[in-house]
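Multiple structures follow.
Next come two complexes, and both contain subunit A; in the first it sits with subunit B, in the second with subunit C.
What follows is the complex of A and B.
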């Protein structure tokens, strides 16, 4: 720890921090644009000016210093609120605004824009500039990113991201001085799988998401914390939604999982949730006919009859690697205790390509919870080819899908078509629902509460953004009703209660209670969680400056 | 049309590379670009892509450097590049007259090339010879204490 003085008060801050981070740790905001703790600091925007007294010096340096390139050290004195600093910030902002169009009314960034916010907080109230503003063109840089060059303040965060984090180096700074423009090489695109992150990094409205462009003013969006389901990494994200639609996913900082980033597959891979095709009510298919809408009690009765006729042990229950821990736990209990069947399976999206970047990895396992499924359902669970062989021996099946774009092998379709009873819980029409007698609407990840266990065995919580669609039932409720119809006596009243029970009854999940999981997740087997401390380092920075 | 170094320039390129650690080939960007421009006359997209590949960088990073420095040309230029200083000391010594004379004599404006491709005329900042103002450079050669007559003599003497 380093003892430093900020604005006349003494603090202890972590070692090795920049003055921007150190100030954030103790709740003092130092405005900045080009600096980001995950990137090298070029100190080009000049916004983070402070008055600096190095350790042992008799008084402050004659010139203002940049906080981003100042490493804190014992005895350092920093002033962020003196008239000199105030004047320095005003003059810097006056320069940065010379060519800025001030088109905030039509800019997507407005409301979450550092240029807007810091001008409001620290800016001058007038400009001496009376010449023409330069108007470089708007341009599409790649599949997901649009640049509005007029708004750019040339901080180069985006360029440094493609050099340091993605290593793809598509972006550059062309020309010089006042003619500077962020650009791509003619004929090439900004099309790496991490490209969306430059939109989050851009402190102004220059780099914008083409997916989000003009879709909503950001202040109308509601937000919950969630976990990206597109691979087993479990990137911490914020789901932003409005009027029952997911509008945007953005990464939340977690230094042990995804840092400040997420990949484009996850960021833009949410549209299936908003599909008009989403299943909204239970459907039943009479032999050879199109499915007809029905109501839940009809299904419960049918299931009761089928279990009575075929025998519970002749039933297979198939979970999905997109189910939460809590859903998987109830699926396991349902198979073991209610149906008393050994036929337990796990359906998963096929393993894809692992993609490595200098400072980010996209996992090859394209399921959010295979780890949780294997821990909860046990080693004996049938997967892949064994799953279909297991189903070939069964007479009836209850299958949980919910895996977008899932495609089944030909053999699997034959086996499913041969079952005497097939109920499928899914969120969209799929190859599974095409064969099902009972098509049951489930929930997408933004409509769920619960946890995923990522490939590092970190249990992380999803908050529910939206109600289940139409008459859809959350899977834990569906399983509770069904269990009770079949003679069990389950009385779960919340997902939290299931999380707690899982922690108490499944040894691998010992200690993974709602309290320890919290916002940052709990690594299985890591013992008691240390008590919460005030946020440090990048966590403190992210809390103050990252979405 | 693909660009590549001639054998003798390839040797010079290897010599340039030997000045830098192998994991920092990027450091050789400026001398490599000068070498390429010497061969090609200007930095075409083909040259940028070739240099990027040689130095393990992206073409965007080469574009970044090429557009930063005014001594790299992205369009074909004349056989002789005439750079006239128009910074303050030369202006006080009468460079405007020299520039007027040059544009009239060559029949082109600043930043232009004669139709026969012989001369390109550029206005530049200080050439570090203020004591001899007004000054100009023709390719690598510096000429000071210019008068219209002296300019005629220099240009007429060129092939």
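What follows is the complex of A and C.
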């Protein structure tokens, strides 16, 4: 820890921090644009000016220092509120705004724009500028990113991201001086799998997401913390939604999982949730006909009859690697205790390609919770080819899908078609629902609570953004009703209760209680969690400056 | 005192046919210093250079020996960069050295590298200097052949490789860290300091960046000794804190503009601006001087009231301008000072690297205001507006700036000094809405207002005698 003085008050801050981070740790905001703790600091925006007295110096330096390039050290004195600093910030903001179009009313960034916010907090209330403004053109940089060059302040965060984090180097500065523009190298396109991050990094409205463009003012968005389901990495994200639609996913900082980033597969891979094709009510298919809408009791009756006729042990229960820990736990109990069947399977999206970048890895396992499934259902659970062989021996099956864009092998389709009874819980029409007698609407990851266990065995919580669609039932409720119809006596009243029970009854999940999981997750087997401390380092920075 | 005369040391025999070849250079005493050099311990050589008072000729006038003493001894490799990116408007002395006496530069490089234990040197040559680079490349090849460069130089076991690297004509690549970035193959954008290049420079290794003229002084210091060198130029006593009193040696003054005989004049430091103009044959056609820029276009302009300031580092600094690169630009009574400033501001707006906010957006802003005034669209209050905006890039009175490099002050200095010192002409221009050339007495702000008056000239321990 380093003892430093900020604005006349003494603090202890973590070692090795920039003055921007250190100030954030103690709740002092130092405005900045070009600096980002995950990138090298070029100190080009000149916004984070501070009055600096190095340790042992008799007084402040003659020139203002940049907080971003100042490493805190014992005895350092920092002033962020002196007239000189205020004047320095005012001058920088006045310069930054002379060519800015001030088109906040039509800019997506308005409301979450650092230029807007810092101008409001620290800027001059008028401009002396009387000359012509530059109006460079707008341009599409890649499939997901558009640049509005008039708004760009040339902080080069985006360029440095493509150099340091993605290593793909599509972006560069072209021209010189006031003609500086961010652009792509000739013949290139900003199309790496991490490209969406430059939109988050852009402190102004220059780099915007083409996916989100003009869809909503940010202040109309509701937000919950969640976990990206597109691979086993478990990137911490914020789900932003409005009027029952997901409109944007953005990464949340977690230094042990995804840092400040997420990949484009995850970021833009939410559209299936908003699909008009989403399943909204239970459907039943008479032999050879199109499915007809029905109501839940009809299904419960049909299931009760089928179990009675075929015998519970002839039933297979297939979970999905997209189910939460809590759902998996109930599926396990349902198979073991209610149906008393050994036929337990796991459906998973096929393993894809792991993609490595200099400072980010996209996992090859395209399921969010295979780890959880294996821990809860047991290593011996039938999956992939073994799953279909197991189903070939069964007479009836209850299958949980929920995996977008899932494709089944030909053999699987034959086996499923041969079952006497097939109920499928899914969120969209799929190859599974095409073969099912009972098509049951489930919930997408933004419509449910629960936890995923990522490939590092970190249990992380999803918060529910929206109600299940139409007559859809959350899977834990569906399983509870079904269990009770089939003679069990389950009385779960919340997902939290299931999380707690899982931690108490499954040894691998010992300690993973709702309290220890919290916002940052709990690594299985890591013992008691240390008590919460005030946020440090990048966590403190992210809390102050990152969405 | 006598009348100031030229004293050619660096420029001695510079116009001799074939002086750029090893043969002719050696016939006239070239590489003589190497006979003594390898007898001198490197640390002693650094002390010698420090003692000699040699100051960097590139612009800042920092003590060369002091800069060398900051270089860590235990880090390898270290690099020397010879800065031949001479691009300050009004400066043209290095170019001529490259073209006519490239071996003198090589000799200086060998000396600096011996002192600092450097085995790799780069010469960063301005892109436009095609002839200079051709001659320098040829000279380096000759030096390798003669065993003056390469492995085991003259049997001393000392190795040194020298490479040339052409710039692409960007002004900012003359700034030492901009030069380093460019040499590394990146955009020429200056770095934040600290760390200074002496600690982390080229390829993040200790690096000394030295101007061509500075390096060219070294052979003479080694050959003739410190005492001989200190007996040239002016040394002051009792200078204020932060003002180096040493102005030893000769200086290559590049006199251009409205003089009868423009050119490079090598003189002991200590003559006044007025004497320098006389040396160049006086103002053309016997006209009156209106303005003089003493040290390259970045230096604050001088009025006819300020011509008796000695043209050296110390005095010009104490009188709120600078010797800079020694580019003396003389303007006579026919000049419209608004147009002169516009010319400079066009240059700076074009050359700002665009990296940091105040310079990127401020420099074209000042240019636009100046252009508006020049084109007759000026408004009352525009002179103060111009001064205010220029002072936002760098505060010339407080001598502080929020920019990464000193380009900011290099813009603000001419802008503020022109606007303040020629305010009557600027105001007349705005009033009339067209270029106005006022008579000199009317064009200049009265000396009591706004600038250093009377001039501060400290007492000297040594001045040139000019009796040779």
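Everything below uses one rule, namely that the second predicted complex is superposed on the first by the 547 of 547 C-alpha atoms of A that agree within 3 Å, B and C clash if a C-alpha of one lies under 4 Å from a C-alpha of the other, contacts with A are read in each partner's own complex, and residues count from 1 in each chain.
Heads up, the rule we're going with is that a contact is a pair of C-beta atoms (placed from the backbone, for glycine too) under 8 Å apart; a residue touches a chain by one contact, two chains touch by 3 or more.
Model, not experiment: these values are computed from the prediction.
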Answer with clash or fit: subunit B and subunit C placed together on subunit A by superposition. clash
Classify the contacts of A:95 with the two partner chains as first (subunit B alone), second (subunit C alone), both, or neither. second
According to the stated criteria, A:532 is in contact with first (subunit B), second (subunit C), both, or neither; which is it? neither
Now for A:410: first (subunit B), second (subunit C), both, or neither, which partner does it touch? neither
In the superposed arrangement, which partner chain does A:46 touch: subunit B (first), subunit C (second), both, or neither? second
Considering only touches as defined above, state whether A:170 meets subunit B (first), subunit C (second), both or neither. first
Please work out whether A:290 is in contact with subunit B alone, subunit C alone, both, or neither, and reply first, second, both or neither. neither
Name the contact category of A:153: first (subunit B only), second (subunit C only), both, or neither. second
Could you say whether A:185 touches subunit B, subunit C, both of them, or neither, answering first, second, both or neither? first
Looking at A:131, would you say it contacts subunit B, subunit C, both, or neither? Reply first, second, both or neither. second
Return the chain, subunit B or subunit C, that is in touch with more residues of subunit A. C
Shared contact residues on subunit A - subunit B and subunit C: 173, 175-176
Going by the contact rule at the top, pick out the subunit A residues touching subunit C in the complex. 42-47, 49, 62-64, 66, 69, 88, 91-92, 94-96, 98-99, 128-132, 153-154, 173, 175-180
Residues of subunit C defined as touching subunit A within the complex: 170, 187, 192, 349-358, 360-365, 368-369, 372, 385, 388-389, 392, 399-404
For subunit B, which residues count as touching subunit A in their complex? 45, 48, 57-61, 63-64, 67-68
Applying the document's contact rule, which stretches of subunit A touch subunit B when the two form their complex? 168-176, 183-186, 188
